[in-house]
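Here it is, the structure, as structure tokens.
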Amino acid sequence: MLYQLEGSQAVARAIALCRPEVVCAYPITPQTHIVEGVGELVRSGQLGNCQYLNVESEMAAISVAIGSEAAGVRSYTATSSQGLLYMMEAVYNASGLELPIVMTLGNRAIGSPLNIWNDHADAMSARDAGWLMLFAENNQEAADLHIQAFKIAETLRLPVMVCMDGFILTHAYEKVDLPEQSEVDEFLPPYKPEFSLDPENPCAIGAMVSPNDFMEVRYMAHRRQLEACAVIDKIGTEFSAKFKRNTGGLLRTYHTENAETVVVAMGSVLGTIKDTVDDMNQTNGNGKYGVLSLVSYRPFPDNEIREALKNAKRVIVVEKAFALGRGGILAREVELALKGLDIEIVTVIAGLGGRVITKSMLAEVFRQPKGNLVFLGLKEDAIRQEYKTVLNKGGA
Amino acid sequence: MSKPFATVVESRTSLANKTGSWRTVRPEYVHRLPPCNVTCPAGENIQQWLSLAQEGKFFEAWQEMVKNNPFPATMGRVCYHTCEKACNRGQYDGSVNINLIERSIGDMAIAKGWSFKKSEVRSDKKVLIIGSGPSGLTAAYFLRQFGYGVDIFESRKYLGGMMRYGVPKYRLPRRVLDAEIKRIQDCGVNTVCNRKVNNIKDELSNYDAIYLAVGASVASSVTIDIEPGSKVVSAVDLFQKIEDNPNDLPNLGKTVVVYGGGNTAIDAARTALRLGAKDVKIVYRRTINNMPAHETEIQDALSEGIEILCLRTISAINGNKVILDKMDYDEESGILSRSGENEMIVADSVVFAIGQAVESSLIQGIDGISISEKGLISVDNCMMTGVKGVFAGGDAILGKRTVTNAIGYGKKAAKCIDAFLQGREYIPNSKNEVANFKKLNTEYYQKDERKEVSRLGNLDFEEKNVSYSDSEVVQEAMRCFSCGNCFHCDNCYSYCPDNAIIKHEDGTLEIDYDYCKGCGICASECPCGAIKMTT
Amino acid sequence: MSSLTMGNRFGQHTTVQSSCDRPNTLTSGHRACQGCGEGLAARCAIDVAYTAAKGKIAVVNATGCLEVVSCAFPDNSWNIPWIHSLFGNTAAVASGIAAAFKNKGQADVRVIAQGGDGGTTDIGMGCLSGMFDRNDDVLYICYDNQAYMNTGVQRSSATPALARTATTMPNSQYSGSDPETGKNVPDIAMAHGIPYVAVASIGNLHDLERKVAKAINIRGAKYIQIHCPCPLGWGFPTAETVRIARLALKSGMYPLFEAENGVLVGSTPVEEQIPVEEYLRVQKRFAHLFGKNAQPENIGILQKIANRNIEKYRLGGMSDE
Amino acid sequence: MFQVRIHGRGGQGVVTAAEMLSIAAFLEGKDAQAFPSFGSERMGAPVVAFCRISEREIRSREPISNPDAIIIQDRTVIEPACAFDGIVDNGFVLINSPADVETNLSNARVKCIGATEIALEQVGRPIPNAVLLGSFAALTGVIKIDSVIKAINTKFSGKIAEKNVKAAQVAYERTLGEM
């Protein structure tokens, strides 16, 4: 059914539809409304049979979830930015223990300097923590991805992080179509753990592993990540078939059939990019520009990306985080996926710390990127003040 | 998908990791000798019967007692309980009242008419025992258990030796003594009283072995000039008169002097009181702590008003005047010398209790049997005299003369004779390490005062009934530390950090050396020192 | 024969540890040092909990000695549902488990969080306080061996005054852990007003069993701190572990008491208090207070601490209420 | 695409105004998107919120730089927030003010209304957001007053909802009257 909801509330209701049994709430802008929303649904009885815990820190939030998941019940929590870093020890622990926790990451910049606005630095910090990471383009996908995430997680026995841009999505009111409880119940079966803390057949979870076996454990984790691509795709397709909308899955293409330039990005900026590309294709009339929306960042769908971009001449990767002193992160991975193909890769770093991204700025850099590492909307004069000369190693 | 590899592990797989290899020392359950058993002259396994008493199994406790000593009730009266002195609990909150428990159970046996197990062993060999004192009767009891035919020849009117003629009735009632003697007779021991053996030569041919249990019943003579007509008697004769004709008790008059420092002197003095004497003094040449008498005996005498004059020797007795020489005693060197002074005290009669000698007339002229300079029959460590098949024991070979010692030697003699008759050599069993106080961990014993019962009666020949009740027996027995031997307190089993001690269904404990790391906590926390760390 | 031993053949006042069919939740093959106090404490506490909870328990174990020695693949010496939490989040993981079982309608499964003093009083304090605040239905057991033993005896906030550790090494100007520092976690727990707080010791297993069984049957947050002497860390022979625990009790250095809803309700009296020296002298970690340059005034400080404990927790008996 | 920018101060319900506006549009079957200025809305600090209304799916996330309509909930922010920047030609400007305000805008359709006064009168609280939406409906015709009323009822309930609905109707009637 259609609703006009704040993104966070849409996610909260989607979470409720997935019948979590333990929800851990700790406030951190910008995801706070999500856990507030779920709290409301529990208090009002709309989400029954659910323990809602107000914990004392993000470390506690994920830890409670680890405990409850290990005890065999579907568990959920949410965090952002600094919170993700504070719980990082447990984030690795959860994937190591193969606990299929679902956590929302309201993407927000990492301090210092302190910044509460949107970018993807927090997600990038956890990219090798062994969690699956899915990015939502808009609030409809944010809601849908959570429903898919529980199924993906519990199928693969791997935790899933659903990333949605802080403020831009979490605080935006939009139309969202939320499925009925019965529909979700059909799509997402109850959680049946293969191992848990069960007094009937006791086992020890989280043994110390010596050099003798540690590599095998890590290799098997690697294999499961590779298997994840197929599962995410399958479940995405399953979801689209049932709910008649194309959300989730690994990635989506937009006018890439005969595009010379394809823009790759993750998250809410894709909306602005699509508008920009539409305008540019109309003005010079030959559909030169296409867009690739990347949903699954981990596992990174190399083959699917290569397939989608192989005919492009230039790939412009717009990303909201970057490796200091190095350049793009997503761009490097895309470049790896396109190894051997004669395709120019341009990295556009944009929207750091909530910096505004307008269609005109995008149009300008899509038409004529200056160099292969562009800092979109960088205030040149401010930089010149600091440095007598601008470092031009890739500097715009 | 099965369980995650390595990160999730089934229960108890650590049992594959045998940590026993960590050990440098290993705990072992041992049987250490409880101090009480060590000191018991009759070789009783006191701890064992105390343990049975704890369980209220009085009959089994009695059976355990009589495995080594057929006279528990008598022991309860006359034994000087060296076991209690040695009891480790003495260094904690008071030793276990072993003597009174033994007495109480001995009395139960008499009251309930418990009898000895009939032994099935039969042998056609016969043994003659000369003398029916504690050592003779005990030897007879054991030899019957070994299946031999036994004859006892007793020169006196009644059986019992020193138990009857050396211990007054108020300490050892005759109904008790007679009951315990009768029990031995009922085993098939043939006893003949008023049967004096002049010389064992006559009997050598009739028996396969002879046991000289003649004791030391001859009063030692003394070189004091005694004016004729002075009333002087030896303690041994006094006791025999009282015993043999109870209705015609001798009259020693109002003031009596007893000369001597041993238990016999004390008995003589207390008997004098009971014969009507009002003022009884004991004269003894050394100091009170040198007195050979047991301190409980000395206490009993003093509490009955008997006076002890120390550092005095009697130099002369003229009628009712007794001339005493005062003595000087040098503590370090132990040399006793006359001080030159003397004093005179008045006594209606004087009783001499200065020791007893062995009646050796019956072994005169037999080569191979020799008498030591102390007048004791000399025997080898198998208690055999120079003559094959002729053994000797009890007071006749002992310096330290107590009923309990005599019983101990009676048992040993029986074993030696048995070995001799079987043609093998008697080998005493080896002795384990002693469980001294240092080896215990007394933290686990609840403080619990020893239950005292006063033994003093009024000045008559009746014994005050002073046994424990059944529940008192159990309660006092419970105070036993069970030194050196496991009493199943489960401490070791409970304190082992590695679950490396197995407790079987029947409560027995076993160390699992696959896993025991040898830390030693079980040994430290064992209250009674029943675990030893060995390399 | 007496009532202070763990069991006796007459079946009177027997304990869990002394029964034939005790659960042995932590069994043989674990890698704890010889004479490990924590190993013993854990065996007893979890056996009692298992029994009191009729076999329905789940245990969360902080990183630390107990975890490392008891569950290193392929050797797991536990026989219960057990999960290794991180060093600082044990109480939170336990809260999650309790919430899960509550939601599955299995609140009869009793959840236990356990860790060493480091994992509890220092790094885990945040999550612990959170668990207390929510009054989650969890029993937290802290095995207090008074330092970070797993990493080599470094000082923790539970390390007693003047004790030597790898990070409080005495020298001529410095005599061990600063007496002005340290945390009293039982008091902190009481300050949260949680239903039950207790201090126990392997020097008194009867008392330990009673307290754990009592805690299992209480709903809400419970905290039990168990004194576990450590032969390696404190420097004494492996056979002396329990004896030293007893000396700590008899000297007043480690008061045993119970509190309900933040109020002291009972304590184990110290019959005849022994001088604190008797407890200190047998441990190498206090060796610097004795010997040629002995430090009587420092021993005095420890004696004051002991005396204050006796007074504060009424170890002279609760009679003067 | 009709883009609205709402200016005011933290605590005056500026964000709620944008949200209600988007709900109203949604109730009329349109696509709508509302989002705050993503600042940390401290009480009293200048705040801005945005709302886009369209017949087609709204994808772009860029802020609104050329609004078709501007609502000023607190006229004291006009100057510091450069509230009128980028307004389209012949755009609407609705200002919460009992008296007319000089905007020196050449070709904007400016309307002033004492929204706070109406709110105090009808609701008893100086929160002008619902009132201004009522006036906005009349001024722009982009949304109907009934949708505004329904939107108010999704955001508030009971007495508060009733009074705000009443206040919005008063503002709607008055503005319509002055058109």
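Going in written order, the chains are labelled A, B, C and D, and every chain counts its residues from 1.
The criterion applied here is as follows: a contact is a pair of C-beta atoms (placed from the backbone, for glycine too) under 8 Å apart; a residue touches a chain by one contact, two chains touch by 3 or more.
Just so we're clear, the structure is a prediction, and the values are computed from it rather than from any experiment.
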| item | value |
| --- | --- |
| Identity of the chain that, by mean CA position, is farthest from chain A | B |
| Distance-to-centre winner among chains (Cα means, whole assembly as reference) | C |
| Inter-centroid spacing, chain C versus chain B (mean Cα positions, whole Å) | 52 |
| Averaged-CA centre spacing for the pair chain C and chain A, given as whole angstrom | 44 |
| Rounded Å distance between chain A and chain B, as computed from the means of their C-alpha atoms | 93 |
| Separation of chain B from chain D, taking each centre as the mean of its C-alpha atoms, in whole Å | 114 |
| Per-residue overlap in chain D, given as positions that touch at least 2 other chains | none |
| In chain A, residues with contacts to at least two other chains | 97, 202-207, 209, 213 |
| Multi-chain contact residues (two or more partners), chain B | 6-7, 9-11 |
| Every chain pair meeting the contact rule | A-B, A-C, A-D, B-C |
| In the complex, chain D residues that touch chain A | 18-19, 22-23, 26-27, 31-36, 38, 40, 58-63, 65 |
| Parts of chain A lying in touch with chain C, wherever the complex brings them together | 21-22, 24, 49-51, 53-57, 59-61, 63-73, 75, 89-90, 93, 97, 196-199, 202-210, 213 |
| Chain A-facing residues of chain C, complex | 55-58, 60, 67-68, 71-74, 76, 78-86, 88-89, 92-104, 109, 126-127, 129-130, 133-134, 136 |
| Touch list for chain A against partner chain D, complex | 2, 4, 6, 29, 116-118, 138, 167-168, 171-175, 268-272, 274-275, 354, 356-359 |
| Sites on chain C touched by chain B in the complex | 1-10, 14-15, 17-18, 20, 24, 26-32, 34-37, 39-40, 43-44, 70-71, 73-80, 205, 231, 237-243, 246 |
